[in-house]
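Below are two complexes that have chain A in common, paired first with chain B and then with chain C.
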Partner chain A sequence: MFDSIIDPTVGAPGNDRGRTALAGRPAQLNGLRLGLLVNTKRNAADFLEEVAAALESEYGVTTVLTRTKPSIVHPAPPEMLEEFRGETDVVVVGVGDCGSCSASAVADGLQLEAAGIPAAVICSDAFRVSADAMANLQGTPGYEYVTTAHPVASLSREGVRERAVAALPEIVGMLTRPAAAVAS
Partner chain B sequence: MTALEDPVRTAREAIRYCYEQGWTDGLPVVPATREDLDAFLATTDRDPDEVIGAQEHLNRRVTVRQAAVNAIMAGCEPEYFPVVLAAWDALNGEPATNGGAWQSTSGPAPLLVANGPMRQRLGINCAGGVFGPGFRANATIARAIGLIVRNGYGIKPQQLEQATQGVPGRWQLLVGENEELSPWEPLSVVGGLELGVDAVSAMLIRCCEYVDNRHTESAEAVLQDLADSLARIGAYLGIRHSSGGLVLGPEHAHVLADAGYSRADVQQWLFEHATHSHEELAAAGKVGPGGPAEGDAAFPMMPSAAEIPVLVAGAANAAISMVFRPFGWASWSGRSVPVRWSADARPTTVQEVSP
Partner chain C sequence: MTIDQAQLEQLKQTLQADDYRLDVDVQGDSADVAIVAGPDACEECLVPKPLMQSMLAPVLGVQPDSIRLTYPTDKA
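For the complex of A and B:
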């Protein structure tokens, strides 16, 4: 009956985004080169540093590259992605703890996967909805990421360390278990 | 009578249909038809397929045509549409808009400022009750922006938009500057345009707070009162300064101008006096990188004098002004955008400044 009403959601066509095939996972992390992709959110760098320290001491990785995104909203630029592709074996991304950066962190995870690099994305649990919405938009519904409790920004360094340690098993699982399971 | 026989019932069903599609901001919309769309597109020379905004990370691109559909739905008249386009362009020209604003926990609201003779032609209120509601052009042009964000970008509350509380007045703030009662040049002239050019300037803001000061003739007393609100610690984000701006009521503007203050003098005075000590910020847990050194007694809460936008709007019936707070660490870019109608559509009839 209302076919003559124009749909306001139709704009210029977007890019066709098929499901991102996730990168193959290593059997174990020992001896691998770790990259850290930091957004500018407060405590994000500290969180990833703590994750890296634990992965180094407990799993034998070497942190070889840390990059901070120029924009908290947008996915990492191509040249940064290229650096990760050239220098790292696995990457940890985070911390998605705001309206746009949680979604953006998921987009980063997916573009790393598309570049053949296994990634573990960390978001806070308050922003699951926008992180999942981004996975859907990127054509990869069900993409999994590690969650830590919100808030992150107000934690002391000690609090950040506890969170990082608590998240570690899940991060390791995400970087090493078969790709199919990561995007269940 | 069936819906088909009763046009009022049909209209209601059409509005309900739009609700069911998830196309509204909570208020009823005007369903857009081909005929309406043609009338709106005729008001501009721009290509209907021109992409006027994109959120690449969301894979969404907004066209002129789509903006027109949403302007119809917001309740605009066709001749408002070039103002909607200028407002949209002005917003997109603000660095703050491109920093995740539409998805932010801050939930910022566009503050759109109209200058030029279109205020009278289109009935854009710049006098009493300027923050609304009650004036169709003000209400619907501002609302159109919100519908474009919602329907064009697909950014909806509690989904991709993650506003913690949001901001009162979001998608409702188009104010005309009261050029006739302002002692200074129009904001659009500060924004780089010729006097008399129809223009929109845009900012994203997080709040408006009144300053009621009716009992002094001292310009400095009024400035001190304004500085106190500008310096409010709750708005200080740490790391760097947040900014602040003023919508001065005509009476306050004249108190200041009569005492010899230019707009730049006002900005400078406020920059120098909107301060807090290290101790005061520390008591609120707001010291850290970029903040005051220990013992600093007068740390400026504004980033610079130039980053305190000042405009004049409202009625000359009480000494009341509004302090507003730009989103994030940004302020106004200082660029106003001219409004351009197609040759056929440039409105000539004067409309009453009433609802």
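For the complex of A and C:
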């Protein structure tokens, strides 16, 4: 499997390594269409489901599209990105709960931003190093993402729910505050 | 060439979270780095070598292309 490691920087935005222009943010989430970009790490889907449920009940979004990436290493393929571009207003990405998947989650967030879609990327705090390294490599140092404590994979569903609820204010802030503040 | 020990420790902890060990040997302006998998290592969790080298370079105080990086499945 190690032989099949693929560089997730390939095909990501800003191939000239210029800073990715982040998407404009809505003032509020009410009435917007939510997309979920899930990786295959254990509990990632549950985490984003809990986030979506809370965003629906507390902020009035509608979850319209959920897509699971084919692997934790790759960024989302172009056709998946197209779906998000066509069908969603904001996207939550996660969960970066390992070295390669935190890096590719940041690459996904930057791809979505480049496509004009505000994104909130969730990574576990043990993998800030690889997430930040990807942001730097993509020419966008300081790109912000939401962190939750490591590990996520071993949590019970109730534990996942608690984490998702705890992360909610930061996720909402990332999706609604001015883009300049998201890439400090 | 000065190793940033605090950042090196942080990087080791990051790898350890995926059950990898980082062995580093810096000689002058180059470095040999081996990443060793533990029994619970997640096979797909290592970042690609170019990204790992870009992470290691400022920590070790050497250029990325001066880091000889060995991953668990590299041929001996």
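Quick note on the criterion: the second predicted complex is superposed on the first by the 169 of 184 C-alpha atoms of A that agree within 3 Å, B and C clash if a C-alpha of one lies under 4 Å from a C-alpha of the other, contacts with A are read in each partner's own complex, and residues count from 1 in each chain.
By definition in this document, contacts are C-beta pairs under 8 Å (C-beta built on N, C-alpha and C of every residue); 3 or more make two chains touch, one makes a residue touch a chain.
All figures in this text were calculated on a predicted structure; none of them were measured in a lab.
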In the overlay, answer first, second, both or neither for which of chain B and chain C A:Gly99 touches. both
Once chain A of both complexes is superposed, is A:Ala107 in touch with chain B (first), chain C (second), both, or neither? first
I want to verify the contact counts: of chain B and chain C, which reaches more residues of chain A? B
Examine A:Ser130 and indicate which partner it touches, taking first as chain B and second as chain C; both and neither are also allowed. both
May I ask you to decide whether A:Thr140 touches chain B, chain C, both, or neither, giving the answer as first, second, both or neither? neither
Using the superposition on chain A described above, determine whether A:Pro75 touches chain B (first), chain C (second), both, or neither. first
Check the residue A:Thr20 against both partner chains and state whether it touches chain B (first), chain C (second), both, or neither. neither
With the two complexes superposed on chain A, say which partner A:Pro151 touches: chain B (first), chain C (second), both, or neither. second
Contacts on chain A seen with chain B and repeated with chain C across the two complexes: 1-2, 5-9, 71-73, 98-101, 103, 127, 129-130, 133-134, 137
Once bound in the complex, which stretches of chain C touch chain A? 10-11, 13-15, 17-18, 42-51, 54-55, 71-73
For the chain A and chain C complex, residues of the former touching the latter: 1-3, 5-9, 71-73, 98-101, 103, 126-130, 133-134, 136-137, 150-151
Sites on chain B touched by chain A in the complex: 3, 13-14, 17-18, 21, 23, 31-34, 37, 49, 51, 56-63, 66, 69-70, 73, 98-100, 103-105, 147, 151-152, 154, 158-163
Considering only the defined contacts, which chain A positions touch chain B in the complex? 1-2, 4-15, 17, 71-75, 98-104, 107, 127, 129-130, 133-134, 137-138
